[in-house]
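Presented sequentially are two complexes of subunit A, the first with subunit B as partner and the second with subunit C.
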Partner chain A sequence: MTAELFLQTVVNATYAASYMALIAVGFVLIFGVMGVINFAHGELYMAGAYTVVALYADMGFPFFLAVVVGLIFVGCLGLVMEVGLFRPLRDNPLGGLIASIGFLLILQTVAMMGFGVRMENVPPSTQDKIVFLDGAVLTYQRLYVILAAVGLLSALWIFLRKSKFGWSLRACAQDREAAVLQGISINQTARIAMFIGAGLAGVAGALTAPLVSPTPFMGHSVIVTAFIIIIVGGIGSLEGAVLVAILYGFVHTFVTTMYDGTLANIVGLLLMLAVLIVKPTGLFGAKERA
Partner chain B sequence: MHKPETKTAGFGWLIGFALLAILLIVLPHLLSFSQQEILVMLVIDVLLVCSYRLLTLTGEWSLAHAVIMGVGAYASALAAKELAVPVPLAMLVGASVSAFLAFLLSFPLFRMKGFYFLIGSFAAGEVIRLMWKWSDLTFLFGGPKGIKRIPSMPDLFGIDFFEPVNYYYLCLIVVAVSLLILYRVERSRIGLTFHAIHWQDKLAESVGVNTFRYRMLAFVISAFFAGLAGALYAHYVGAVAPNRFDVEEMVYILIWAIVGGTATFYGPIIGVVTLTIINEVILRALGVDEMRPMLYGALLIVSILFLPDGLESLVPKTKAWLASRKERRENMRTEEVPAE
Partner chain C sequence: MTKLSKGGMDRRQFLSTTAAAALLASVSMPKIAFGAEKTVKIGFLAPLTGEVAAWGKPGLDGCHIWADWINADGGVKVGDEMLKVEFVPYDDEYDPSKARAGAVKLIKEEDVKFIMMLGGDPWPGASQVAEREEMLVSTLLPSDLTPDTEMLLAPCEVHPIYNVTGVEWLAENKPDLKTAVICAQDDALGKPSVATYLAAFEAAGIEVLDEPIFFDPATTDFAPIMSKMLALKPDIICLDTCYADYVHPLTEQAFQQGYKGQMISCTADFYQKMVEKTSKEFMEGFIFQFPDFDDPKLNEPHVNFKKPNDFYQEYLKRYGAGEWSAVSWEYASIMDLWADAATKAGTTEPTDVLAAMKEGGVGKHAFGEADWWGEKLFGINNALVGLWPVVAIQDGKAKIQDFKSIPDWWDQHSDLLIKHMKALGQMYYQRT
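== the complex of A and B ==
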């Protein structure tokens, strides 16, 4: 591996880690607060990407406006899921998971009927790029994803530590009944968590739309990635999710570059199986949640 | 949970089964060619979903079942195509390979329970499926395009199994025998132990039940019949590909089981038959079969929200409703008597 290829792979891995972190953190947040495995998380990502397809590629609105609309729209889809599905099924341990599978199929079909099955081609919003000394290239399109991940996740971290909502969110994740006794509204907390979690997936999808050629079935690989990250990181651990997203982003990108993509996926799944067998609580423990 | 069954089947049951048998035998002749092909798939799906239910008896929900079906399909196809094993024997080979794989997977997977098992089985299944797709193994599994030109069932006793009707009868016999075995297993001591493990695994362990071995047994039996379903599929369609056994297929198995209900033996069958009829008859008639995933999704949501015990729970409800109506009518009559 030449120095140039190595640096380029590092740059690519940073980008991969960023969007994986955005997706995984939302996934963990939803699980931590509501105890629901949101199987439709990949399709929320897909919905974000298609918002950009519709607003930016088809109608010609500015890219960043489309991204912001994507965040809000997908966040609202999350609210719909919470109010319509997860809340009525709160007492049914597998109910939320099953309902989210149903929701996933509906979102997929809507995308299929609205846009067709074939890949969408989203033109890049900018041709600018940073060229490093060794010749490695970072396009602005990818830089946006990295910046968004750093910015949004830091904002989320401050929100969770400093604001009253953040405290109630963490309280719910730790002990739901105790939180209720303290006068915290479970429903309101769940709505906030769901909006943020879904919104993060939506932003990831919207920002990566010009880079990945959206299809209605793009969510599948995303949900697999999210599973790998939360299992390896430890279910319910936000810090673990971020760290493992970085780790997995690098492992996956390097294996893809040096061997091939299928092997990279196999490596990721085996990593997850190994963690499940040896230390089911994940590398970063389950004691501290959200 | 379970009422003790009466030992001898009643006369009514016999008539019911006879009518069902006649219906199943006559049915393909009332259908068009394409509907006959759907019927073959439906029979295979019935075996698939019933084998899935056996594992759920122990309380574990696997997400590897579609892939295990695929293992049977691939193994049977390879045995018949590359090793020239006669097709009926190749099908048994396929089913056995599935069962053996389940045996191997038991060691890592049954260290997990509940949600972890769900995810673990998903990961294991995906690893196997990706192996089929992997370019380095294309010489064996054919890569993403899979295996084509799989030998079909040879003529036996002058019956041409290339005809959907004849293949349907073959599947019907295989599936009927398989269901009988699955039913007997569930009613045996083994099946009762599965229930015990589901509801009280610690208690079962404390009275000397090796829960690991029983979970493994359920997984292996369920995999054997899933593999058999896969083999029946492979030699009928003549081609297998990795994407045929992906998470979408798994989701359909889950939906059939959940919409039908898994508490009774007939629940999943009701689920798969009802959904297939809705899908193939109604959607096709309306000309909107691309809406299938949405319909399945919506039905899944509706059923988990309003009918969490599945369609099967309508049976006792209807019975109770009929009984209460009858009772009320009789009460009214007895009340009317003194008035007269």
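== the complex of A and C ==
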């Protein structure tokens, strides 16, 4: 591998890790606080992308305004899911999962009816790029995703560690009954978790819309990777999700570049298998819950 | 007196009004009441949703134009009757099990006389039903053909064999290009196409620098794949028969990572969007195989597709400028062949139409006279093969550069194609 290819692969891997971290952290936050496996998480990512399609590509609003609206809109979709689906089914372990599958299909159908089945063309907000000395290239469009991941996940970490609401989220994730006994509102923490978790997926979709050509089915592929990341990281662990997203992003990108993508997928699954055998709770499963 | 509704009409008024309405309807709609039009149903079993919908839905849209034009002229002449044509679509979602369900529904419930499919992965799902019911089926992918598929035809698109024409034209017109790299999704469309490009490059004296890259169809980030290809410093990047969802991001990645060389691809559906996302300069000379039908070269006398320029304008008027794809005209061109054969046979029965269609071993392919061919490659002469256009983007617009003969290439290089097909397990006797 030449120095140029190595550096380009590092750049590619950093982008891949960033957007997967945004998706996986939202996924794990929802599961950690609410105990729900949200199968519609990939479709929340898709909804963020379509917000940019509608506002930026079709209506001509500024790109970053569309991204912010995407975050808020998808966060609000999360609130709708929490109030309409997950709260009534809170005592039914499988109910939330099934309801999220139903919501997934609804979101896909709405996207198909609204935009059609074709892939959407979202022009990049800029063609500018950084060219490193060795010739490796990082486009601004990808840089935005990396910066958003660093900024938003840092803000989330501070929120969880330093704010009263963050403490209540962590308390619910650790022991919901004990949290209730301390006077913490389960409904309120669930709403916050859903808004943040869905919003992170939405912002990931919104920022990557110019890079992936959105389709109503774009959520399928990311949800599988998100599962691998949260299982390896430890179900319910935010730190685990971030670290494994970085690890997975680098391993997958390097194996894809050096060998091929199919082998990279196999390596990802073997990684998950190995962790499950050695440490069934995941790398950060038991001790480092949100 | 029985009141039907409070303050409304009584029973006598109701009966007399109903009788009058029925009489009026029978008088005002004489065709329906006394002489209903006869209709033949054609099944459209292709992906209308999902990742491969771009090779199904635009074809159905084209068929609607074809049917409207034919029906406006009275329909298809079959024996002494004029039959209106009705398309019955079924979305197979590029899934074999759904294709099977669709084939059953179309044949058993809808009584269709002909089924058009995209082919590829869904064909094995529908094949048993089609064979058992002796249903005539068309595919766009002759790689579905085997000696056992007697009722399956590839009458329009000889995918991927026509890809040789693009490479042949490139070698003739840009002889300084000496090296290439290839990538494709790892599926029933990608592999035979890779074998074809390998044969075409070898025949043209162009060196393929590394093993072709087969990527997972679930891939969403194409930067690593393009980085790997660019590291080899090729003169030509070949995108094989990648789906539009892959051609676009791969092309964007080539642009973003600074590639300035030649690109070739089987398709460039919605290429205007690629021009928007990259630049006219970057896309200049991009070679592919599917023309826009407003191209003046389609008015040359050898072209059999009826009114191609009008068809294109109508398509754009109905569905929008950005909706034209590689398959927009293909299923309609198959219907031209089917309608001619049904007229010749005097019946719509599938076996008779098949015999009429293949009579004499030649047929009127959309781009010119062609032969029913394929025994050496597919084990059966059920692919209609002749001329195929080579298209290049010039100043942001697709333009036909030339029509090249596939049989002529085959006569010189058949051994190469068979060698590479065998190596990738794509000969008919190797496929499962």
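As a working rule, the second predicted complex is superposed on the first by the 288 of 290 C-alpha atoms of A that agree within 3 Å, B and C clash if a C-alpha of one lies under 4 Å from a C-alpha of the other, contacts with A are read in each partner's own complex, and residues count from 1 in each chain.
The definition used in the following text is that a residue touches a chain if its C-beta (ideal position, glycine included) is under 8 Å from a C-beta of that chain, and two chains touch if they have at least 3 such contacts.
Quick caveat, the model's predicted, so the values are computed rather than measured.
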item: Subunit A as common anchor, with subunit B and subunit C clashing or fitting; value: clash
item: Touched partner set for A:95, first subunit B, second subunit C, both or neither; value: first
item: Which superposed partner A:12 touches (first subunit B, second subunit C, both, neither); value: second
item: Touched partner set for A:62, first subunit B, second subunit C, both or neither; value: neither
item: Partner chain(s) touched by A:269 [first = subunit B, second = subunit C, both, neither]; value: first
item: Contacts of A:280 with subunit B and subunit C, given as first, second, both or neither; value: first
item: First, second, both or neither for A:211, with subunit B first and subunit C second; value: second
item: First, second, both or neither for A:260, with subunit B first and subunit C second; value: both
item: Subunit B versus subunit C as contact partner of A:114, first or second or both or neither; value: neither
item: Subunit B versus subunit C as contact partner of A:224, first or second or both or neither; value: both
item: Where subunit A meets both subunit C and subunit B, residue numbers; value: 112, 220, 224, 260, 262, 265
item: Subunit A residues touching subunit B - in the complex, by the definition given at the top; value: 37, 85, 88-89, 92, 94-95, 98-99, 101-106, 108-110, 112-113, 220, 224, 227-228, 231, 260, 262-263, 265-266, 269-270, 272-273, 276-277, 280
item: Subunit A-touching residues of subunit B, taken from the complex the two chains share; value: 61, 108, 111-112, 115-116, 119-120, 122-124, 126-127, 130-131, 133-136, 246-247, 251, 254-255, 258, 290-294, 296-301, 304-305, 308
item: Residue ranges of subunit A touching subunit C (in the complex, touch as defined); value: 1-2, 4-5, 8-9, 12, 15-16, 112, 117-119, 121, 123-124, 129, 131, 135, 137, 139, 142, 210-213, 215-218, 220-222, 224, 253, 256-258, 260-262, 265
item: Subunit A-facing residues of subunit C, complex; value: 48-51, 53-54, 57, 186, 213-216, 218-221, 223-225, 227-228, 231, 244-245, 248-249, 252, 256-258, 270, 273, 276-277, 322-323
